[in-house]
Amino acid sequence: MTKEYCGVFAIFGHKDASRLTYLGLYALQHRGQESAGIAVSDGENFKVHKEMGLVSKVFKDEILDNLTGHLAVGHVRYSTTGVSHIKNAQPFWVEYSRGVIAIVHNGNLVNRVQLCHDMEERGAIFQSTMDSEIIIHLIAHSKKKKFEDALIEALSKIKGSYSLILCDKNQIIGVRDPFGFKPLCLGRLNGAYVLASETCALDIIQAEYIREIEPGEIVFINKDGIKSIKPFSPQKHSLCIFEFIYFSRPDSNIFGKNVYLTRKCLGKQLAKEYPVKVDMVMPVPDSGNYAALGFAQASKISFEMGIIRNHYVGRTFIQPSPKIRSLNVKIKLNPVKDVLKNKRIAIIEDSIVRGTTSKTRVRTLWDAGAKEIHMRVSCPPIKHPCFYGIDFPTKTELIADNCSQEQICKHLSLNSLGYLSLPGMLSSMPLPPEEFCTACFNGKYPITVDEKISKDSLENK
Amino acid sequence: MTKEYCGVFAIFGHKDASRLTYLGLYALQHRGQESAGIAVSDGENFKVHKEMGLVSKVFKDEILDNLTGHLAVGHVRYSTTGVSHIKNAQPFWVEYSRGVIAIVHNGNLVNRVQLCHDMEERGAIFQSTMDSEIIIHLIAHSKKKKFEDALIEALSKIKGSYSLILCDKNQIIGVRDPFGFKPLCLGRLNGAYVLASETCALDIIQAEYIREIEPGEIVFINKDGIKSIKPFSPQKHSLCIFEFIYFSRPDSNIFGKNVYLTRKCLGKQLAKEYPVKVDMVMPVPDSGNYAALGFAQASKISFEMGIIRNHYVGRTFIQPSPKIRSLNVKIKLNPVKDVLKNKRIAIIEDSIVRGTTSKTRVRTLWDAGAKEIHMRVSCPPIKHPCFYGIDFPTKTELIADNCSQEQICKHLSLNSLGYLSLPGMLSSMPLPPEEFCTACFNGKYPITVDEKISKDSLENK
Amino acid sequence: MTKEYCGVFAIFGHKDASRLTYLGLYALQHRGQESAGIAVSDGENFKVHKEMGLVSKVFKDEILDNLTGHLAVGHVRYSTTGVSHIKNAQPFWVEYSRGVIAIVHNGNLVNRVQLCHDMEERGAIFQSTMDSEIIIHLIAHSKKKKFEDALIEALSKIKGSYSLILCDKNQIIGVRDPFGFKPLCLGRLNGAYVLASETCALDIIQAEYIREIEPGEIVFINKDGIKSIKPFSPQKHSLCIFEFIYFSRPDSNIFGKNVYLTRKCLGKQLAKEYPVKVDMVMPVPDSGNYAALGFAQASKISFEMGIIRNHYVGRTFIQPSPKIRSLNVKIKLNPVKDVLKNKRIAIIEDSIVRGTTSKTRVRTLWDAGAKEIHMRVSCPPIKHPCFYGIDFPTKTELIADNCSQEQICKHLSLNSLGYLSLPGMLSSMPLPPEEFCTACFNGKYPITVDEKISKDSLENK
Amino acid sequence: MTKEYCGVFAIFGHKDASRLTYLGLYALQHRGQESAGIAVSDGENFKVHKEMGLVSKVFKDEILDNLTGHLAVGHVRYSTTGVSHIKNAQPFWVEYSRGVIAIVHNGNLVNRVQLCHDMEERGAIFQSTMDSEIIIHLIAHSKKKKFEDALIEALSKIKGSYSLILCDKNQIIGVRDPFGFKPLCLGRLNGAYVLASETCALDIIQAEYIREIEPGEIVFINKDGIKSIKPFSPQKHSLCIFEFIYFSRPDSNIFGKNVYLTRKCLGKQLAKEYPVKVDMVMPVPDSGNYAALGFAQASKISFEMGIIRNHYVGRTFIQPSPKIRSLNVKIKLNPVKDVLKNKRIAIIEDSIVRGTTSKTRVRTLWDAGAKEIHMRVSCPPIKHPCFYGIDFPTKTELIADNCSQEQICKHLSLNSLGYLSLPGMLSSMPLPPEEFCTACFNGKYPITVDEKISKDSLENK
């Protein structure tokens, strides 16, 4: 199963469109480190550059110089499958009967297999395994005269989560699926309009935040301004709660609300639900920082940064040889012995998936001389796979689906373990509980998933 | 003036010498991001690989596979001059009358100009502008029969700061100058000996810390074990206090003491000297984190991480075009508006050099909606250039040498500004005050500097 | 108008399939220097590697090591348009409803515009501007159940010249269009079958020549052996006579006959038609060598190599700056002054297209001190563009269409000029006159060309 | 033993100095394909670019744009040893007490070991194993005040063959050793002076040939014009006769005489000494072409080019796997079967060294169906190694030193074999016999060689 786990950005109406998109992607780099790409147009020409690698590696001065135009669309991609290939880098674009079109996608279609099969039967040839290519083929196959109608027809056939941006030579188009799984916001920079996954991408170019693109909304942005339509029947909102818990940047607002403050609330609630008597509260950096701050403040215990993160860890780190690996090298995170020695510690994790990294991490804290180690987790146990774009493993690999909390506590060699409750998590959110998808915690999937896909995810990918 | 501002590492007696050195350099990457290199020997062959770039870029699997041997010496380099070139990457090595020799150097010689001139007069030809090449030439020119004597003769001619590691095909040699400016420690990994600038490089390979190499000490490590000599007359110790304040990693111990805890003490002392009534204490990440924690704990005010650092910022970031630059882009650090809005803030800096980055940073906090901004600095005003390896600018550019504290406060648009006092800083240190060089604060230089160099630094580099 | 001007090679049934294909392409490099590619399969896996550049640059040891399989198909490409791009490199391949398929093509379709248009109307999306992609789309769109039938249906829709090789995971398929424009031969290497544009590609791997693939023939080669069908109605054979005159390698046999000897016959006939009284006969190297040998032998005049070719001239030669260009640099061919001085010279060209290079070349001979210069051309005047794969310019640029022989003689600053006659050329051929396409000489096109394409070629490309 | 086997070029007084040098090196590429380099100065700045690879690969537009100046010195290098490394690429250059100096060298010093040893004893450190570095060190070590005197002192210490060009920021200096082994000529391009190994490098930039630099001459070329000195005692001239036989380009004049015509004379003389009754005379391309033409003309037998050379053969050709190698692939040269079948052939080689390539080549002719094969060689048997810059193997590997002519004939599977006689060769030369070094034929070495070097060459390198 391919999962598209990504960040998207676009701007219309600025002569430095490609450089601003570059900056926007830079701010969204945490949403995908595998490949990056930008499509740009000046109304006449249309150019695309995409490559495997980080944004800063993919784009050099001379490349950006060449990407001239007043509209641009960009993408960073995270591959959730082992196979990653330039063929699957976005923007995906083609020249077809209506001219040129490019698309970037954040989300995951759940009926891709059926759609591909149907179109291949009719002679379609696919270049990639990307959801975004399917959408383009659906548009190309539509008999509707008007592009807008063809787009609506195509979107009405896809099922799943999608925050999309499309562009041709004259406009950019933002789309958010009717369930609203993934965030997409609208901003303005002087006269130009901006679309982005998170507000941190508006901040970096000093654009002003206007509003969220709403679930089920399509916005067309061109020289005539911005036009919004909502052609689909409304669905129960199903915002991805994991964007708040782990995925988004703390300095971003998503779905209209701030991530940092939300995480602090989670930490405070956690302190209420699972208080602990320790000498210090410390986060697993960096994602656990904010819940740990909330926990420490609520429990009036010292906050310490007992594990130091190496800032130069990149994707290209070479694995040490087998002999060295057994040394259990601390490439990324190093505990500070003089801080931890003989201390009772509460360590705050944002979430536990397989439990393997947590186990290793706890071991290094014992090695550093900790006296007691208590773990607190700022979300409930993850028991169900996600079909809408978060890369959880199959059910059998999720530790919380297979072990009791007690078993996990023992497995991780902890003195105590506390997970935030589902009601506690929802009450800490800045939006009403019914707005969120919580399928990974309680298995209530807002969109039915093809049986085959569902079965795969129970066993293995 | 060339300044060698670097990290060094070496290991003797392990068959994975080059991969362990790679890991050690990885941990020392913060000491130099310009170039990296490793020399390795198996007793017969001698190989060197060095390139411009980060450790993870310079070394690939196939390169490390080729660097076979049981002893290795590594280096990461920071160029303090505008000109950086592979010619100046280390290890510097040559084949000469005594065989092969390689050297890595952390520090700065103050009599390099005179030494070069003398040797060129006698027909010497230099390949680089590195201090380390001078040392090799001095060894080559020595008439002493025994290598050890030639080394001592050479070292007795150089003046300045130096923590060196040399190697030939059969041994590694660690040297620390008699003043002890720069750190160098000794560790053990099973039967192998390790030398490194900071203990974080021992941690990453799970080596055990043994002791510091002492000021004026030379250690020879080979198949017969470790031999130590102290051939120079003792000098007043002059440990670089800036290693504690800013330069070393918080998880390292240097000169035998922990950096994280020392910085917390600085923050606590600062809270005592300059208390402030605010809603939150926040650091300039990441170097201000630990003093800020100390300040917050001592003043019982909430600690918040109001500025978020982008983890993907690398060396290759492309400058935006002039038009975009005026947008004051927040590439590296982004303030969290919802956290800062309408708040009275104390922001903790580790130090102020030119004042330009501080000024910009304070502006972004005002823009984010702060109500009051008070800055506290965890060291005294820097008024004098460093000749021993820290890259401070010339005297005329040091803001504290040109402006009163009041003027600086106004210049940075702060509500208040407080610098830690010199006695306060020294009393927070884990070693006696007389152990340190504090020349950058009070101008008391432990080694006289050539007049020309000194004059240059008053004007421009 | 895209012209595909290329070399093709394939092998089935040898475990070193990709390395043998590499060698085959190496021998066919003169047929295309822009890009090279190989597709390979072991029956289960299917891999493709293609890049811009010469064969020796595109394929490195580690790449060939990875291309494991017992069947392989290869291609070298010459771009006749200014725009060259990796998108247009071959083999073109896709995964579609029938599995995987790859194709390489030598020739030029004349109804590509219409075919593309029709298929795009039905929703097809094209990745490239290559004829080979059209053929794949036609196969994918066919409703025929059996692959063989779908292939025949697809081929029956295309018009133009094509020598094709296709492959999937289990077989290679050779196709030659019913007119037989482009060569394609069959060979054997122990138990393996080989297909190649010219026999020099059999020689390099020491394969044995079996026979030509006949016009209109399709051969399927797989584990069951070789199967031949001829599903199309026969057409008047139209072998490209220019393959003998200029394009093929002299050591190749094409259409079953040797190129070197054919060119010698052309030279002998030329000596009969246009005798000349000179001190020496010399070729324009290297393509004029063999006609010049024939001419010299027939006229009993000394053969000399008065112009020396620089063997290191590659595609990447940097153009000198404008100031230097005026020096009329002799990068590629240098006349030997001491050989030419005060001599009466007959220089043998294989053909004259625009006349610009000939003009420059003649000037360098005058500069070298020649006393008389007589040019003899081993084919008739080229007056008509080629639509089947030879890169002649538009009609207005063909010097022979615009000037009389006398005018050309004067334009080139020659003492005399003689073109071989059309009957003379045909009588020198090793096959009957009616076998050949001679459209470029007499405008008799065997396949009618779309009006638009035809018109374009009258004006500009 | 390092052998420097190279081409040199320089120009003074032209604002496009680096591009003209690039062209000159392009023309001299046959003298060295391993590395290329150019040093350039505008009187103030001094820049060098050198890399492994062919001239066309090493220099790109942007690199030449950056090499601004009115004087330039260039070099192409052939490594005669297995080890080739960028460290040994030329120009070799240093900054030393007198400023900057660069040097390029064609030839081979025979007392390098002694010179190195002496200087290392005095503390000198060598970066490379190049003769040119030794010369620079000798200049640097000289106590003479004037540079000219230091240069003369340095040159008086070296023994061997050398055609050198040196430059600093203001002048270029040409030197030819007193024996005159290697060619070096002087030309003029408008007001600019040019130095080059062969006249083909003058031709390519349309420079006018002036004269040879004489044995033992030093020319200084700067803004004051050209100044010549001859500070050494004269020696018996010892021009390398192999430059005429094999090494130089046929379109070049060397030592003032044309190579093409000289080779034709060798062929004519060979026809006189060893006539043969055959159907055709053919060369081993391309070096045998001209002797073959002479042989064919003198014997009135048809000249044919029975072996075709692949023009795309470069240095990077990948070796086929062991299984394929046994196929005896014809990568570089392919015989034309239809031309050779049932023919009696005389094949002309320029020389036989080890005999291994000749053996393989003869086999391919038999395989192609030849009826008789007679080989004629345009120089006498090579029986002695060269110490002055030609890469012959050690004595034991020279086939003519170990086998009689009869044995060689049989070993190569020939019907007959004829070597040109020593008097025959000398009488075909355009200069008096006593001008040449013929050591490789008769062992009469003009300069005594260090015993150790001499001994090495008897055994192995």
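Chains: A, B, C and D, in written order; residue numbering restarts at 1 for each.
Everything below uses one rule, namely that a contact is a pair of C-beta atoms (placed from the backbone, for glycine too) under 8 Å apart; a residue touches a chain by one contact, two chains touch by 3 or more.
Since this is a predicted model, take the numbers as computed values, not measurements.
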Chains touching both chain B and chain D: none
Required minimum of steps from chain A to chain D, each step between chains that touch: 2
Furthest chain, CA centroid comparison against chain C: B
Inter-chain centre distance, chain A versus chain B - centres from mean C-alpha coordinates, in Å: 37
Centre-of-Cα separation between chain C and chain A, whole angstrom: 52
Where chain B and chain C are represented by their mean Cα positions, the distance between them in whole Å: 63
Residues of chain C engaged with two or more neighbouring chains: none
Arrangement of touching chains [line / ring / star / complete / other]: ring
Interchain pairs in contact, sorted by label: A-B, A-C, B-D, C-D
For the chain A and chain C complex, residues of the former touching the latter: 94-97, 120-127, 136-137, 140-142
Parts of chain A lying in touch with chain B, wherever the complex brings them together: 16, 19-20, 22-23, 26-27, 29-30, 33, 54-57, 59-61, 64, 200, 203-206, 249-251, 253, 258, 260-261, 286, 289-290, 293, 297, 302-305, 308, 310-312, 314, 316-318, 320-321, 323-324, 327-331, 334-339
